[in-house]
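To start, the structure under review is shown below, and the notes come after it.
Here the chain labels run A, B, C, D and E in written order, and each chain numbers its own residues starting at 1.
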């Protein structure tokens, strides 16, 4: 039999026919499409039992209750906790993104020590024992030399047990240099102290007010406890409450307000005082809550005559009169202050003017009014017994100059840290401990801050993430993230109640991290007497339980502890502190004709938490595009500079220069530029690093002469075609 | 060296020239294939398409080649059904061009879909309410028809024809060609139409949406009509280019003239209806949906009124007038100008009906979406052109595509084979009577 | 066919009312949606034309210059058009029945494993509510741990869109079966965005059920193609006849006017006669 | 799609539409089968389709 | 006959090997034989060899005796495969459930020993391979079927409850599905209701049970979102 071409062809045809009649081609076709439906590289999330675990979010000071959905042992979704006094089921964009932080690639996965040059990002994993040993040896060494004061710590907060443990650690060690990162709280505390004569903070009964006069406060941009404010804003809509937003730029808060009153940047206090002057002159005031009115009155009327204020602020005289009438005539008027999220302290004058307005309207300690209330004081530990070394250290002046001299009333001045370390301080720093803070990104004039950090010989970062400050550190001792740990969360962001939330571990620690409280306790113990003595607890959990005492059970059960009836720290406001000159923006008007303002948005984070990928995804393409950041410009201003939408431009300020893109926005005053705060990270992951410009590189601190706080609200700038 | 394969009685360029040509086009083809593979293996992120511009450059190419490929079905219709017998001298080429156009269209669709392995769902899980289903069905069926029409042509290759089976097969297929052609015309009518329907049914897109007859929007009929009208122009244009490239006359003037005249009248009638449609849309349909012509043609950097003018006047009225006027039509320069304008016009129409539809903002707060194709898209779009040129080169070289070639280009010198072929190949191509 | 009998459950029409006066544009709905529905993300999401956000917030402006400028945010989930008899713009064009309209729930479904990525539905949707997976979804190492098993992650090359968190309805129905209830209670089925919205601007429920809040807000008029009888309410591109189930509320006329295309002389709301 | 698919319904548009498809496929299939078979038979008989006119 | 015939003859003569008519008809037999060989070979390949290549096998971590367990428990299948409080179905039991009884070895089988040594004492979940696991895109409501329609487990899962040992887990190499989804018959024929678990099978069963909803606008069947996610 000879296999010729035809036979072969016949064989092939037979084969084809047989194949067509067999399942092979059809099943392969089906299976290959099914394969494409479940490509092995597309993850399949495993199923399992669903449970919800309640906790408290600590990503911002808002203190919302959260409910975390878990499938088996994986946390899959964070939701707002129903019935929680602050957020009642609502939740913000940052809170929703928490799992991306928990499971994200930027976690510091174990203690590490630096092996390359600083900032090179070369690390060596070490054990916790080794990390503690490195830290304690260093600290003991310095302390033994009598230089305990050259160790400083900077933290995001000073309330709650963990910050208290840091403070206690510093005290027992002998350093006066505990600092809190700057925020509106600084000015608020100072104002309460100055105006009401006692330590405390203010609470605002926003829910019950019926006329809101906001001097630049980002009511729906993250001011106060954000979700509470969102809810209040909706409540106002339902109740048809009048909301007036005084701001140079049409922020989201301004857009939500009943009325937007554009004002010249930096003149909010002038307007407040102008309104006060109208109220005083027309006798539309309540004198019961103020003292010192008679002496103050003449100055006020002289300096803040409507016409003059109108000129300063750019607000028409009749508008000022209308506002005064509306505010004074309302049943429960309430004025708010602190620009944007109140990320910077601001000047005492700014805040005092608004508090005075509240007092003149008679809303102090009233329903819908302003309440000066004491800080939570549930942490009652026995005093630290300081030894000679510690006492010597503690008697040294603070490196930032707070609490002494002309800034005697001021508690912390972290904004002056860079300056102090860069040669203007009383002594050089040897060690800096950084917890829940990211000064290398968040403090103004970032270049100077980084320079200062480069000068500090030893930096320890407790950050859970590879942030900018961790990149400058020598030793990383990563804390658990909030979803992995216990912590008390005293909430004070403008609440009229005293509230403590409890953060609880929702999942077991994902990496080789350790609770900061635990780290401090074990470090103190490792350092022996007298440090060990000040930290008698076996572990942090014991410490927490003992500290919270009778509140512990409530917290374990409800997740939150609330005290509603609080005795205010004062009921009469001493009219003072607003006679200072307004703080001007840095820079020469002639060389820098424009004004650059930072603006806050809830879609970008504040504080030490970097934006999660989900958040960045929501950011408009008029804020970042690719890696370029945008500056908002009024079309008129842009036209004058020959710039159009999306054009590349050079933005220059006395502090720095950046390449930005132009976003034309009608809602901003001509001559004013605005740029979002919270971008321009150099650390973290590829989802965040390099995107946009960090406005802190363009802006520097401006000292409020009456407090030393950073009162910068903007900086002079130029914008030219790149 | 391949003389045994070359049809008798004709002269072809030397092998090296042929191979050089193949090589150049092959390189372009390879570039396109590389881009195609990138799209398949890495996904459509290789393109610059986006969620607004879900259909882009190559879908336009797809629609355009289908439109101009309409020459095949319409010539077939004229030849086999209407009985315009002169057209037998160009029908082969029309079929070949159609075959190229439709195979390209299918290839483009296979690249265009995000999940090529599941492409067959369109048949298996067909949604009969979708115009695209109709397109897919008719397109693939009509491609089968074109294949059937092309096969006998291949079988007429000198060597293949020697195989009795092939010879008989080719013969039988010629015999039954009228049935195939009729089926093809039917299919073609529907899929050209349903391509128009694709845009016309989009009631969420006032720019594309048209009222119509029963389930068919007016664009359904306009697309069929325009394909029938412009397709022959494209066939003639390609024929003219082929003649220029080969430096031979391949089709007699009377054939060209007839088809050009038909094309001209078709374009003429089409463009009148098109203008009526455009007016109704501009003055009634779109304003009824709150949009005006200015919304569609202003406010962006590309789509201006020029495109409307270019499509309807330059690409419609002008070629129609040239082609229906005998003196103009008979002047090659005018005629070819008309072909070019016509092909441009119909291509522009397909562009507008696919891409401008995507670009026009609908929500008042939305923006125009413009895009620039990536090189992968450009390469993939050029791929069919290279493929088409190669197929034409090979087919022209080895198959008796042009029945009148021998007659029009008698070989003066020697070669008894050539003489023999003259008697042979002409009757060879005579199809069965309808 | 003989076996078929009308075993259809009660006809529901899930829809939304979004109060634009309350919406602050905070983006919580977007992220709630992303984290609920396993939506992927890339290193660069600033090209919004290739960024998957089932829920997307548009920024509207009144177009006036300083200081008369006003802005408003408009969250845009899939509008779940009913069109005419369930023939929404996208549903009828899908060649492979990968997207479908349910008469039982009024929800437009998208089955990604059926979809083969022709993108015709995207061309059909005037709201740009449909998104194509141009890339394979990739989660950074470890982050796949937060993926929810209730929504299957999509593969490259398919279209996806908002489902009104339908998986939550499925789960709520499970619970209803266990409890012996025939209907899912209002609070048991809420979308992730509704639940998360800190301003409480979104209300979700059954438009057919007078007991549901959304019905009470919207007061749909069945005689006029479901048009709302609330003077503050409007639907996006109502006059196209898409017959959507997402209603927007605003007391500002320019906002209501932004919801549709109007010729200059046309009055707000008046021209919104459904086309079909 | 075939009537044995569960997605199938006996409804007019579907029947017309799918009917059209099968009809077209049927003509093409039958036509080609006829041509091929006839050609094969003729070829095996040794006859030539000589009727080229 | 014309010149054409001559041409054809010529053509054949070109290939002398084809020889005369007689030889050709002889080849005809071969042609059919080769056709049959090709046909048969591909049928064997498609029907016998292909399925063997397509599916692969895995063994369960250890053998499980359903029959024995069903005897021991009070509530039948639901003793171990129960509904959770939220209406979801628990599926394969977790280790914690097993250890309620199996803290210590309860028998002396080898499998019991493996279970206790490798899983109970090590506190590892047993990586059971689920024969009836549907692909990720499927949402199957056990509640609707078991509670709502009061269906018996056997309808879909067959008599697995009577099995005394675990059969090997077979899966499709391409799709990674369990073979039980397509069914063990390569042609897809099913004798019993539990032989296959593809979408068509769901539909068939619904049709037989008369529960056909017409909520889908496109298919006049149940809407896609009833079973898909």
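Following the convention adopted for this analysis, a contact is a pair of C-beta atoms (placed from the backbone, for glycine too) under 8 Å apart; a residue touches a chain by one contact, two chains touch by 3 or more.
Because the structure is predicted, anything quoted here is derived from the model rather than measured.
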| item | value |
| --- | --- |
| Most central chain, Cα average position | C |
| Chain pair showing more contacts of the two, A-C and A-E | A-C |
| Remotest chain, subunit D as reference, centres from CA atoms | A |
| Where subunit A and subunit E are represented by their mean Cα positions, the distance between them in whole Å | 55 |
| Length of the line joining the C-alpha centres of subunit C and subunit E, rounded to whole Å | 37 |
| Euclidean distance of C-alpha centroids - subunit B vs subunit C, Å | 40 |
| Subunit A, residues touching no fewer than two other chains | 32, 35-38, 44-45, 47 |
| Two or more partner chains touched - positions in subunit E | 4, 8, 86, 88, 135-137, 207, 218-219 |
| Per-residue multi-chain contacts in subunit D, two or more chains | 5, 7, 9, 46, 48, 52 |
| List of subunit B residues in touch with subunit D within their complex | 123-126, 128-129, 133-134, 137-138, 141, 144-145, 148, 164-173, 175-176, 179-180, 183, 186-187, 190, 427-428, 430, 432-433 |
| Complex contacts: residues of subunit B adjacent to subunit C | 43-45, 49-55, 112-116, 118-119, 121-122, 125-127, 129-133, 136, 198, 201-206, 287-292, 295, 357-358, 362-366, 369 |
| Residues of subunit C touching subunit B in the complex | 47, 49-51, 58-61, 74, 81, 83, 87, 89, 92-98, 114-120, 122-128, 130-136, 155-159, 236-237, 239-242, 257-263, 266, 271, 275-276 |
| Touch list for subunit A against partner subunit B, complex | 29, 32-33, 35-37 |
| Complex interface listing, subunit D residues touching subunit E | 5-7, 9, 11, 44, 46, 48, 50, 52 |
